[in-house]
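The same subunit A turns up in both complexes below, where it pairs with subunit B and then with subunit C.
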Partner chain A sequence: MSIEALLTALLASTIISSVALTIASLGEAIGESAGLLNLGIEGMMLISGFVGFWAALESNNLWLGFLASIVCGAVAGLIFGGLVVLAQADQVIVGLAMTLAGGGLSGYLFREAYGSNQPLLQGDLGRPLRHLGGGIPVIGPAIIGQKWIVFVTWALVPLVWWLLRRTRFGLEIRAAGERPFAADVAGVDVTRVRLLAAVINGAFSGLAGAALALAELGFFRPGITVGTGFIAIAIAMVGRWDPLRIAIAALLFGLLRSAGTWMQITGVNIRPEFLQMLPYLGVIVAIVILARGTRLPAALGLSYRRGIDRT
Partner chain B sequence: MPTVALETRALSKQFGLVRANDRVSLRVERGEIVVLLGENGAGKSTLVQMLSGLLRPDGGEIVIDGQTRHLHSPADAIAAGLGTVYQQLALVPTFTVAEQLRLAGWSGELAELPFDPDVPLGARIENLALGARQRVEIARALLAARTVLVLDEPTSILAPAGIAQLFAALRRASAERGIAVILITHKIREALALADRIIVLRHGQVAGERVHQPDGWPAETEHDLLRLMFGDVAAPHAPAEPGALPTSTGSRLEVTQLEVSAGSGGNGLRDITFSVSPGAVLDIVGIDGNGQRELAEALTGFIPIESGTIRLDGVEVTGWSPARLLRAGVAYLTDDRLGEGTVGTLTIAENLNLKRLGAPDINRYGFLRRRAMRTGAVRAIKDRGVRPDDPDAPVATLSGGNVQKVVLARELATYPRLLVCNKPTYGLDVQTMLAVHGALRAQAAAGAAVLVFSTEIEEALTLGDDIAVIRNGRLTSPVPRAIASAAEIGALMAGR
Partner chain C sequence: MKPRVLVRSVGRFVMMLGLLALSGAFIPTATIAATKIENVAIITPASKTNGGWDEQGVNNITSVTQKRGIKLEVAENAGYEDITPILQDLKDSGAQLIFCHASGYQTICPEFAAENNVPVAIIENPKAVKPGLISDIETHAEDVAYLAGVMAGKETRTGTVAIVVSAEPPTWNFMSVGFAEGLKATRPDAKLIYSVIGQAAYDDAANAKRTTDSVLAAGADIVFGMGDGASFGMIQSIKEFNQGKPVDKQARFIDVIGDKSKTAAKSFLLSSVLFDYTNTYNQMIDDLQNGTFGKVHTLDVKNGGVHLLNPPIPVQPGTMAAVDAAKEKIVKGEIKVSTIGDANGVHKRLKELFPGS
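The block that comes next holds the complex of A and B.
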């Protein structure tokens, strides 16, 4: 293979392998902006990924699979929101419980449905730009060959920015996460805003699970997310809740993840376990360097009780 | 358009045993500026929170612009045309001024801003000075205040020049927009400077009002207001039996030029000098939050002392730890009975023995003798009249007065040389209050030096052999009860 072809392959795999992470991180950024620390993303991605995979396989319709994943994620988000916003349960505990429950339930249901078989999905909904010419070397071919989920993800980045920064709802979300008392006093229904943020957060997790199982891989397996949901929490923080920074951070993570496979293909003699460790090591380094001066939303992880809390 | 902007009818709110607001009825006209005056704990903040939708009343009605309103949330209050300026400023620190105002419903058109906060709209709230932040808060509140503007202690964060500006802005808003302005404060001078009418709250009730006349405030208004705020206490109650004669001529507690630096939330203490003899009660009276807690905690070793000395029977104990002071005979009744004074999940018997877990009668080789603990507890419960009389009842299930009885029983059982009590009767009913007074007098009669912090002048004049006033972390020289005057004490407390 030529150097150009190798680089194209590296870039293409970087892009697709960052998609699920980008979506999950954007969802987490919305939740955290509203003061909700959702540690349950991993579980929400797993159960939504399974539900979407099952729906797509049974109906033989990928679109239906995506829809099922998003709905499943939104319902999981609603459960999380109901517990932490309405019942004022501890966010960390509920989040971890959802990660464990989502992982366990998806594994159980998968075994119930398919036993030890590993069914595969047919088709991938197409690659919308593949009729175009290559354009710029390396970058051009790496982009035009991508599946449509990549372009949806890229469209979500400015969309989430616009939601958080340019809409009244975004203003309410940020006020609810920074100082819910001030939001309440300004006439904002903090409970409603946080519940909606939790549902959006869940729907994004669902889409992320679908992106992984239905678009990137074409199959589902228990524990398939291998920590992506937790990495998303770190990426949202490294990106300081800014969608563009989040997208870039997720791309860099995808690059480290792809680089391992790429180096094996190019014949570099390093143990694969070491290469698989690289992206996670990268996140730790990034957090230490980039997230040091980060100021979390002041009310992150805290519930708001009217008449009592002044934060 | 009705001329009455706001009316409350028998508005009531109770917290546990405390009636924070007891049938508060008042009327405020459009274009009128009313000052609600009262000392801390008089129920002003509770009233504000009910008006602004943060707290729901237990009883009574709120009528705004002629319509009875049920305010379930701040959004309801805003919809009714009532805006509130909060003491803590309800702003989002990371927002720009424009974002903050848009959150409160501003369209973004400068012409639609009811009040010019005189700050760059792109500046972040957290980078503004307190005075500027308050102007943003006023603009925010005025966006909602079509009928009534309520301000909760707005002058506490302002310098004198800022207060003058604030008052000018309020007069303009009330005159130009015809809204009713209700300002809450505990400072008489400010009330006189601003108000068309002053309403005094005391113990959660309307104690009286004074109206500004065309030729100014009537003579004696200031004196009247003091009396309304602090009650009719011209003559001290029947004097308690005088303390036993000092067993020695020296002082039990001698504090010299004590200073504590202003820490988190506190004012700090400056140049505190006083002494208490054995058998005597010194009552330090003051409005809550003027350094009482710091002084009590400095004397009992809980907070560091910057300079000055504390002597106990002539021995310097400055900087001793709470445990060492406890062993030296210093007992402390905190005003936070449930938080600091007791462990709610432990039983009465366990709480009674909490400070003497190593004592040989209840501790054998590290094992606690529960039966011995219970026997002692049953006796203490009977002596103090604690309800319920079950030594195994968790303290968290007791009422405030009974918790205080348990704490008293524990602290007095050690026959302390010095007893420090912070607000020992706060929130108690009259009977329990009298019982506590009696117990403290009895300790003094038995030879202890007793130091009491009170917020009520009556209590100071009932309990103290000597009385001193604390304000802003400074203490006046103690004067004997016989020559102390309630009016003078009240004036000192209010800072005149």
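The block that comes next holds the complex of A and C.
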């Protein structure tokens, strides 16, 4: 095995395995900035991934699948927002309920639709820049030759930063997450802003589910996310709700996850259990080191009732 | 006491004895031996449609119970935590025999059987066997995996072959070692990559795909995959890898449990290690009815309980002859495949066989 082939495999795997995580974490960052702690990302990813897969398979159109996933995620976000913003339900309980419901419903629907069959999607949306990286070792196939979803994910990073830091709506989101009462007094419709943030959060979760099922894997299976949604919540906190930091943290997580496989391939004599523990250990260490002094959005997890709450 | 009264009392006592005898309460051993089995259950850690181990077991017992007119209850997705409440439910619903279809249940099910007096069938724990209560199934799949290794040794073009496993349970471990020994015997200069996806990553198709992507990038052209639901990640990885490549540059897949020759893998499925529990399940039900339950049952090459799927795609001339010759030697006992069930033993054996890999 050549070093070049191994490095290419490591880098390519690092990048692709960070995609869904980055997208879901960016969505969570928007939600948390508005004061919404969404523990339902996992379930939203699962149900959106299934809906997108079903739509893509039935229509033989991957773009339609992506659209269906995003819409499904947005609807799930609206349900979450409706329950926690309008009905003032506890965010933690609603989020966990959505994770359980999304996992159960996607598994049930998959079984109803396909039984014991495992259909795979035909074709993919391609690698748009592959021709540019032909002669470049490692970087060419591992980065330039990546699937288009990788570049969309990277484009979302500055876009979300711009949304949160450079737009009026972004300022309203942050105000709703820090001082909802003050924002309300200043004329911001906190309910509307939080609902919109929940919908965007859901749409990002839907896109993350589609990135996993439609772009990376080309199929859906019940429970396919295996905890990605929960890792995304940790990554959003490690990244302190800053899109660039989130992208880097997700890449580091992807690197640690891929490094485990890479070390097994190269014959490093370490027990697989330890290697598989690495990425999660990395998240814990990162939270301790990077997020120790982090100040959470002041109103994170708290509901706001106009005329009653004064925080 | 008057003689008439005495005679009447003795007569009543004799009549009572007769009634008890007719009701069966007075002849204990005979009635247990003649128990008719009308209700059985199977418990699986994952989905009964996972295209692997769980599905195979449920399909086999479904076929057996349908033919015998026995009611079957399936408890799927039970996971690997404490399954006692589920076992209790199955018992309460009338299950006379519970098939605990996972090596991960080899301790908890015997405990449950002992506490509740419900017969159970377990996997890969012969020491727990108890007459009337616990039967065990030993899957000698290492012999068939050896044959798969012979096939891989004959078929590899790059000389690099990979084993990708979703976990390291005894059944997978037996097969990993068997495959490696078959490969070594056929192609001593081959390189073997051994990669574990996770501790219990049976349904982690995403990481299975990433892992398979990596072993293919490292030069493997044959992947022996043991994954259950995770197998679909391996299949998708190979499918993508093969896109646009000429046939002689394409990677191929050897599966375990289930024939996927009619799925997306049909163009690169080299073979599969197949399990058939039907005869064993029938035997166990017969044993329970006849009062002989509580044995070790074996699935091996000789009794056809495990066998290799005929290659659905063309193979090199001489490959099947080599496989058949090895099979004959296994049946005759001329080839003894190692039986290593623990993960540490597997790693040690693989290092011995392929020190440079």
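Convention: the second predicted complex is superposed on the first by the 298 of 311 C-alpha atoms of A that agree within 3 Å, B and C clash if a C-alpha of one lies under 4 Å from a C-alpha of the other, contacts with A are read in each partner's own complex, and residues count from 1 in each chain.
Throughout what follows, contacts are C-beta pairs under 8 Å (C-beta built on N, C-alpha and C of every residue); 3 or more make two chains touch, one makes a residue touch a chain.
The shown structure was predicted, so the numbers you read here are calculated from the model rather than taken from an experiment.
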Please determine, from the superposition on subunit A, whether subunit B and subunit C clash or fit.
fit
How wide is the angle at subunit A between subunit B and subunit C, using CA centres, rounded to the nearest 10°?
120
Quick check on the superposed pair: does A:264 touch subunit B, subunit C, both, or neither? Answer first, second, both or neither.
second
Between subunit B and subunit C, more extensive residue contact with subunit A:
C
Look at A:116 in the shared chain and tell me whether it touches subunit B only, subunit C only, both, or neither; answer first, second, both or neither.
second
If you stack the two complexes on chain A, which partner ends up touching A:179: first (subunit B), second (subunit C), both, or neither?
first
Does subunit B (first) or subunit C (second) touch A:139, or do both, or does neither?
neither
By the touch definition at the top of the document, which applies to A:171: first (subunit B), second (subunit C), both, or neither?
first
If you stack the two complexes on chain A, which partner ends up touching A:251: first (subunit B), second (subunit C), both, or neither?
neither
Closest Cα approach, subunit C to subunit B, once both complexes are overlaid on chain A (Å)
35
Please give the residue numbers of subunit A that touch subunit B in the complex, ascending.
168, 171-172, 174-175, 178-179, 181-189, 298, 306-307, 310
Subunit A-touching residues of subunit B, taken from the complex the two chains share
49, 52, 54-55, 73-75, 78-79, 84, 86, 88, 90-95, 99-100, 102-105, 140, 144
Tell me, which parts of subunit A touch subunit C in their complex?
1, 5-6, 8-10, 12-13, 16-17, 107, 111, 115-118, 120, 124, 212, 216-219, 221-226, 228, 257-258, 261-262, 264-265, 267, 269, 271-273, 276
Which of the residues in subunit C end up touching subunit A in this complex?
47-49, 51, 55, 160, 168, 191, 193-196, 198-199, 201, 203-207, 209-211, 213-215, 217-219, 229, 232-233, 235-236, 239-240, 263-264, 347, 351, 356-357
